[in-house]
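Heads up, there are several structures right after this.
The same subunit A turns up in both complexes below, where it pairs with subunit B and then with subunit C.
And then the complex of A and B:
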């Protein structure tokens, strides 16, 4: 296991380093100078120069990049330019909200996808197999902002069952938080659940066509036992890889879903940072998302090797 | 003699019909084509179907359907039907520019990767890099630099699709260039570039066609999402995404405002998805 991790780690680190470089350069390409924006329209050149010096913007680019890398590695991210407060504080608040949303969505993805896949795989050529396929195609085809608006329209505006938007922390008021979470989490989870259900069902169907399944059937093993004990463990590894890829999609999708449901997470923070030219917030956040993505990929590979012993031997 | 002629006869009896066409002529393909065709036709005929200027504001805001405004008007008194129809046009021109651009760039990089090990390594890390900015995060990063607008949306969609096209083609090239026909071409004296472009490439493009249909639906999704974040095409030019995001505030008073663009967007994306699925089944045989 450790050698497996050692082999995977370097390429992840290369991607991370390249991403930090790309993010840094990209933000320096933005037209407009944050010091000028910050100083206001009537500021004197001397005042702008002072702000530039205070923010370290007068240093050469290479020095600025190394300084930022040092900040990231020590965890001291410094103050934000425009939004106000320390960057680490802003990001911390954002993470708490986004983590609640994405974890709830991830849970929903698994809870929705696994039964659908098992049902679909055991349906064979029965008529409702087609209906299930149509259902997953539908869920896959509709973008989250469309489902989001539909969910708000039905559950918040017409039926008045759930709030249309807002946020409560799970720690402070669990019952309220669940009500606020329900719609955004569902909206975020649906496309990913459809993709996972598809892959898992394909995997199950392929496993059910294998010789060992025929042998088990001939030996009188029940259909249910074959599905759960023989087909599922063989279909699971590739499904976990798909789930790992979907985590990245969930975080990205959260940006839009947070906007629809007024959820104060990382998505809103990036959006604010981009619109107000807040370099530190945007570059730290983008790097954080990339780091999270790389970590999830690594964890996915680890989970794969745990579920499929053949990979471990490599 | 008879033994020798059997595989030959089999080769002659090969169905003449193209596999793509065969894939599209299933119920999935036909309904997908019908959905996309209908929406595209409506977009193309926008000036004929609705005489109203999509950006002209009128005195009646949020009016219901009437003779002058078949779908009613929006919060600024603009004709909804005309805005939806012109929105289709904007969306289609954006994704039909962006997706081919992404496909060509991805394919070019994949072919570059096919030339040497070093190039392969660099190109692969490049794809990893783009993929490590999941979906919209890439969009946010690009619009942070370029500002909102039509071209940034095109660039975001194209850039997001590059690694998907590139990886598919790279995998195909790796398989195909080891096949006997590629070897035969090399032995026959063809140069590396000729083998890659004339022999390997045509046999490795199948997955790209399917990927193209998927990319079109992703394009509609990205356009809408960027509009939702206020980073898409600048107002007042209508897009499907901006129409939906503008309608959210009036869900309880004027549901038609959201329903019309929602229906069109869903039909378009569903159509592309069905086409992609039918092509996929056709290619797999």
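And then the complex of A and C:
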């Protein structure tokens, strides 16, 4: 196993190095630079030159790149140019906020999808089965930026039940955090909940059409018991796979939802970083994403090698 | 309160889009009243020498920083030197640089010696926040803000919020009334509006013009327009392009624009039509100048014909934000009516700033500028689009330089002689039209039914000394 890891590790490091170079270069190719953004629209060229010197942007690109790599390798990511504070702190806070939102949305996906699927599967040909289908189609079709505005309009502006936007940490103020989380998590969860409900309902319907269900029905087992004790356990594995795939969708969708609800997660951080040309923040975040993918890939390879000894020989 | 843009710590000593923090945590030496007359703040009195080459300041003796240290003349010396540092990117750096020496006459008595008389010295005193020198580097990193202002900085969550607590040792007796202030960063315009409607936030200066229009009839809100001159919309012409080198072409553009329609349709009615940069409170303002260019497509066509221009095709850069796109579309339509075919070029903000400063704008662009709300010379020496020495339009003329320098290098700012010079600056601007002013939009305050007493200074610094929540 160790030798397999040693064989795979260099390729992962090469990918990371190549990605770091690509990220660094890509940012420099975007028009506009941090000094002009920081200096403001009425700044003089002298002010911009002074800011460029302070940030080290007047050094050759190679020196800037090596300086950044040094920071990454030592774990000291340094200060942000424009947003303020240390980059590691900003990324840490962003991860915590996005994780809070994504996990809450994931929970809501399950809470919403399972009852809808069970209701749909037990509806048979009743009229409200169609209504349920329409409901899931609607939740799937309407994009989050529309759902978000609608949710704010109804629950924040008209009913005044929940805040329109903002953030509180679950650790600091759990009661407030739940209120702030409710609408963005619901907005983020709805499309994924609709997908999961569809998959689960199909799975349940397939299970209910099996011979063992017919036998159980003939033996007088109640419909509810068949659904919960026999069909659901059989339909769940494929639904769990779908749920796993939806996690990626939730993280991606969080970027849009964070903006609508002023949620200070990673999406907002990337947007702010790009808009203000805050090179350290964007570089470190993108490299972190690549590192995440490389790690997952490495772990997957390791798992394969553990499960299948033939892979180790490759 | 709700803000659309997060605080940028590195711009603390420059005027930026977000200046809400400055007057909460810090004080300035003086502040202007509505007639641009300086009023005491940390400077209790002052005396400008008859030759205009020095100013003696008497400072308040009962002021302490949030750190507990006493405020003295040394802090003013540091504040001026801090603005002289180009890294701070302070727009009034040129005025700060005229201070060549400091004569300390005790802890609370300081004379600033000037290289030459300047007419906008009190603009500097209104602009320059007094920070604890030991905390300045932390302040521009956004970690620690130490001032003498009504609130102490307690917390910042980048991209989310800023929190402030009441300064119990504030020098202004009984103030502030509020126990604390929280600025919530809400980038989405619709969400910002919703947060006001739900009472989640009580005050905002970032509501878009068209959204303000929807709140006009809502009794739950009070809408106040400030004459901060923070957003004078204009079309800039880059004279490096032959198509706009003839001033008659630029004048034709000025005649072609229907400014009234622009204000109504793109700015929600919250702006004043004007062909000059000065707001009504400026000593340089004259109604006939503001109305110099009216909507007259026939005159525009005539001027184009005189200049030998038939059909003209020009790019027009504008900010990629929705509000700017609306302005650009109105301009595109009006110019089309006089035979100028305009291609809109949306550009993101950092790129636009770089092009502005690098003088690499396309032939036309539209944006807004500030600094006309102060003494008129400040605009021409501190706002880059108008800077007589070097500007985005690449416009230069000995006559402009001469009149700007004469208007700036004088101690008095309100005398008939000074006003005559301002008029000459206006005349050059109206004639040359390298910056074609369209409308002046001050900051618009949207306050919920409970919020009372908030004010802004001429730079848009939020003053909550007297603010409270009613009922």
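Operating definition for what follows: the second predicted complex is superposed on the first by the 190 of 314 C-alpha atoms of A that agree within 3 Å, B and C clash if a C-alpha of one lies under 4 Å from a C-alpha of the other, contacts with A are read in each partner's own complex, and residues count from 1 in each chain.
Note that in this section a contact is a pair of C-beta atoms (placed from the backbone, for glycine too) under 8 Å apart; a residue touches a chain by one contact, two chains touch by 3 or more.
None of these values were measured; they are calculated from a predicted model.
Trainee: Given the touch rule stated above, what does A:14 touch, subunit B (first), subunit C (second), both, or neither?
Mentor: first
Trainee: Who does A:243 touch here: subunit B (first), subunit C (second), both, or neither?
Mentor: After superposition on chain A, A:243 lies in contact with neither partner.
Trainee: Name the contact category of A:256: first (subunit B only), second (subunit C only), both, or neither.
Mentor: first
Trainee: Is A:290 touching anything from subunit B or subunit C once the two structures are fitted on A? First, second, both or neither.
Mentor: In the superposition, A:290 contacts subunit B only.
Trainee: Which holds for A:143: it touches subunit B only (first), subunit C only (second), both, or neither?
Mentor: first
Trainee: On the A-aligned overlay, A:153 touches which partner chain: subunit B = first, subunit C = second, or both, or neither?
Mentor: Both: A:153 reaches subunit B and subunit C.
Trainee: Between subunit B (first) and subunit C (second), which does A:270 come into contact with in this model arrangement: first, second, both, or neither?
Mentor: First partner only.
Trainee: Who does A:185 touch here: subunit B (first), subunit C (second), both, or neither?
Mentor: Neither partner.
Trainee: State which residues of subunit A lie in both footprints, the one left by subunit B and the one left by subunit C.
Mentor: In subunit A, positions 31, 149, 152-153, 157, 259-260, 271, 275 sit in both the subunit B and subunit C interfaces.
Trainee: Where on subunit C is subunit A touching in the complex?
Mentor: 6-11, 14-16, 85-91, 93, 141-143, 156-161, 184-188, 190-191, 194-195, 197-200, 348-354, 356-357, 367, 369-371, 382-385, 387, 390
Trainee: Using the touch rule from the top, collect the residues of subunit B that touch subunit A in their complex.
Mentor: So the residues of subunit B touching subunit A come out as 125, 128-129, 132-137, 140-141, 143-145, 147, 217, 220-221, 224-225, 228-231, 241, 244-245, 247-248, 251-252, 255, 258, 262, 265-266, 269-270, 272-274, 277.
Trainee: Where on subunit A is subunit B touching in the complex?
Mentor: Checking each residue of subunit A against subunit B gives 11, 14-15, 18-19, 22-23, 26-27, 29-31, 137-138, 140-146, 149-150, 152-153, 157, 248-249, 251-253, 255-256, 259-260, 270-271, 273-275, 282, 286, 289-290, 293-294.
Trainee: Using the touch definition from the top, list the residues of subunit A that touch subunit C in their complex.
Mentor: Of all residues in subunit A, those touching subunit C are 31-33, 36-51, 54, 79-85, 90, 93, 97, 149, 152-153, 156-157, 160, 163-167, 259-264, 268-269, 271-272, 275-277.
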